[in-house]
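Data block below; observations after.
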Amino acid sequence: MEYIDRGHVQKKMRTRLLLNKVFKYLFLAATLFGLVFLAILITRVFIDSIGWLDFSFLTNRLSFNPEIAGIKGAAAGTLWLMVIVGPVTMTLGVGTAIYLEEYAKKGRLHSFIQTNISNLAGVPSIVFGLLGLTVFVRVLGFGSSIIAGGLTMSLLVLPIVVVAAQEAIRSVPGFLREASYGMGATKWQTIKKVVLPAAIPGILTGMILALSRAIGETAPLVALGIPALIIPVPGSIFDNFTALPMQVYYWTIDSALTAEYLNLAAATIIVLLVVLFLMNSVAIIIRNKFQKRY
Amino acid sequence: MSSLTSFDPEESKEKNENQSPTITKDRPKAPVYQTKALNLWYGQTHALKDINLPIFENEVTAIIGPSGCGKSTYIKTLNRMVEMVESVKISGEILYRDKNIFDKNYRVEELRTRVGMVFQKPNPFPKTIFENVAYGPKVHGIRDKKLLKQIVENSLKGAAIWEEVKDRLHENAYGLSGGQQQRLCIARCLAIEPDVILMDEPTSALDPKSTLKVEELVQELKKNYSIVIVTHNMQQAARISDKTAFFLNGEVVENEKTDFIFSTPNDNRTEDYISGRFG
Amino acid sequence: MSERLNVKEAIQAKRKNNKSVFVEKMVPVILFLAAFISIITTIGIVGTLTYETILFFREVSFTEFFTTTDLSPLNPTDPKFSILPLLMGTVMSSLIAMFVAIPIGLTTAVYLSEYASSNSRKVLKPMIEVLAGIPTIVYGFFAFTFVTPVLQEVIPILDRTNVLSPGIVMGIMIIPMVASLSEDAMNSVPNSMREGALALGATPLEVAFRVVIPAAISGIIASFVLGISRAIGETMIVTIASGSTKNFTFDVTQSMQTMTAYIVEVTSGDAGAGTTAYFSLYAVGMTLFVFTLLMNMFATYITRRFREVY
């Protein structure tokens, strides 16, 4: 006598395989769901921006009259922010990464700093805004200026740069270090001349990610109290400013009153997305170009 | 033109101090390195056990032994690279030119400037050929462009690779073949005019032809440098070395003239090993 | 014929007057200072939040803050400070977000790790991750100007600002996070376990749910927790699309203010420094910070504690 009824198994098998197939397409549909949403979003925003996004939109200043309003001031503000965020996060981020990877002994202090950085990465951006409001705007008296915004943003994206730089440094093969030490180079010479040059692609990719994040972040800037008023195009880091995402924010919430503001917001979003797309393309090119060199 | 002549020969004479510059086979040469009661642990692993070993000037010393016996560990101890492993603990002394390299005040960078190293896998920097060779001199503060050029040329000649690369000095070193890369690494090492060259299985990643080239090079280099070479290849050891040290389980079983080791070794274990009975 | 060189002497000469010893000693100190900035940042966050929160609780009692349900910070005659309406807004919007993100994120992960060929995975994964790179202000715009009107067609009672629409959009924003962290966890399940089950005649579906997901469960749960933490901290989507009504209700068709949106409202309003409304920012910020920090630490803990060793 057989313990297993073959016929029964066969029958069950058919339903099991069918189920497998059905679920496979269900899972595929779920996977595509996000992409479809993304496509609708971009199409929709693009349609809203048609007729509003032209060259004068980029070069005009902000105005309450939607017909002549442009984003020159906001774009300049965003650029100014990057002028601070770029060097500050590069210095602090790479410095921290070198310290953790090359100098710090793997002990309490090391894991404390490491844990601290990963916890900071999870702190909501609005909380960084509160920190910036207290420390930079009020205590240090910078007001709602570019430097206050830039420093707040730098602290916010710092963990991204640190983690990317750490990974880049860690992936520099040991034999390159050995070669350098073997020549009698000191530790710092080895880091400066061998490790960092080899880690540069990874560090740059991380920097681009961090800057993309900083370009799109809105919440911390709102918390710093940047007004929706018409502000002159900033000329120094101590000037007041507005930035592209801030512009999107104010135009969006005011679109209930002036319908055309919705189109202006959409046009600004397109500008923002194009900038982010270009930056990420550069990151991908860097990554592909420098992959597997050893 | 023999490029080696351009490496100030006076220098090597000075090293010998009161010895005659013409070294003959029978005369005892000055020891460059003296290893005394050296013990080394990786954490709990006792990797080197009570090593006593002299290394002589202008000789090729081969280190042989089965895998894991501590050859690499020993050679890396000679320029203190082994200390890059955090768990390493060392006792005993190694005298280099009569100074203990483990002395508190001894600067490792100083030591490594005098003792060059060539690694098992060719490890050029991802820079141009020129920059690779100029790396050492630059690190040690030589900025003069003309001098650097001269050093690069001489070193590449010294490593017998000049003819192959002279027209592509500013191309990336990774475009070279494995054998060329290894000779480039030797050139890089020569650029700081070391006194001793340590080589850890320098030919094990190379094809037979490149191996032959490197072996010939070693023969040539020994006129001006003292060389310590780790090898798994008995023929190679027999071909190119003057002395051979046989390591087993972290101990030196035998250290003798190469001819002697390969003909009439004192220890059975040495005989077993070189005749291929184990390892 | 080349000139005679004296490299050794040149090196020796340089060595005598070099500053390298000093540099070598200073570099780690300077780098440590850079690393220390991240600690100062944390101290800054915890310090300011704590300090101003203490000032807040001098004027408002714990019981009022945590047990009553009225919030009207800018009322000139009788301001009320309860966090419960904000907590409700945060919890409801995050719940909706996770209703979207968990099923879609997890099934996406299953598809990518168990069904997709390595080529289609190489295309699909970065495309899904694009979703995570879109600034949240863009999602806010979209929720407010597109998703809400569309939903209103289906649910006529839906308010112009409501919790439902930003909740859904936030969920979509979080999909890549859940998907890629879960997929990483599933990918680290060794193939031998899959092969074992397949060899017994299991279908890929059964392998996914009986073998892979159970084996990767800690990583998957961690991805959920991190997703929730992200939803709690998300600001712009809810600020724009959920409005600023301080509503203590379960009705997601109405406007409800979240903790994050409250901070935006009060900072962009004109609550002068020193007023109770100003201090309330920090009390709310503190609550937000503690919540997200606990979730992140919890996620780290479960991945460490329950990491399967193969």
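Some notes on this structure:
Going in written order, the chains are labelled A, B and C, and every chain counts its residues from 1.
Keep this in mind: contacts are C-beta pairs under 8 Å (C-beta built on N, C-alpha and C of every residue); 3 or more make two chains touch, one makes a residue touch a chain.
Just so it is clear, the model here is predicted, and its values are computed rather than measured.
Taking the mean of all protein C-alpha atoms as the reference point, the chain centroid lying nearest to it belongs to A.
Note: the chain lying farthest from subunit C is B, by mean C-alpha position. Centre to centre, using the average C-alpha position, subunit A and subunit B are separated by 49 Å.
Distance from the subunit A centre to the subunit C centre is 13 Å, each centre being the mean of its Cα atoms.
Work out the mean CA point of subunit B and of subunit C, and you get 54 Å between them.
Multi-chain contact residues of subunit C (touching two or more other chains) are listed as 20.
Within subunit B, residues 109-110, 113, 140, 192 each touch two or more of the remaining chains. Counting partner chains per residue, subunit A has residues 186, 189 touching two or more of them. Residues 13, 16-17, 19-20, 23-24, 26-28, 30-31, 33-35, 37-38, 40-41, 44-45, 48, 91-92, 95-96, 98-100, 103-104, 112-113, 116-120, 122-131, 133-135, 138, 155, 158-159, 162, 186-189, 212, 215-219, 222-225, 245, 248-249, 252-253, 255-256, 262, 265-266, 269, 272-273, 276, 280 of subunit A are the ones touching subunit C in the complex. Every residue of subunit C that touches subunit B in the complex is listed here, in rising order: 1-8, 10-11, 14-15, 18, 20. Listed in rising order, the residues of subunit B touching subunit C in the complex are 1, 3, 6-8, 11, 109-110, 113, 137, 140-142, 147, 150-151, 153-154, 191-193. Subunit B makes touch with subunit A in their complex at residues 79, 81, 84, 86, 109-114, 116-117, 119, 121, 123-127, 135-136, 138-140, 174, 185, 188-189, 192.
Contact residues on subunit C toward subunit A in their complex (touch as defined above): 20, 23-24, 27-28, 30-35, 37-39, 41-42, 44-45, 48-49, 52, 103-104, 107-108, 110-112, 115-116, 124, 127-128, 130-131, 133-142, 144-146, 160, 172, 175-176, 201, 203-206, 226, 229, 232-236, 239-240, 260, 263-264, 267-268, 273, 281-282, 285, 288-289, 292-293, 295-297, 300.
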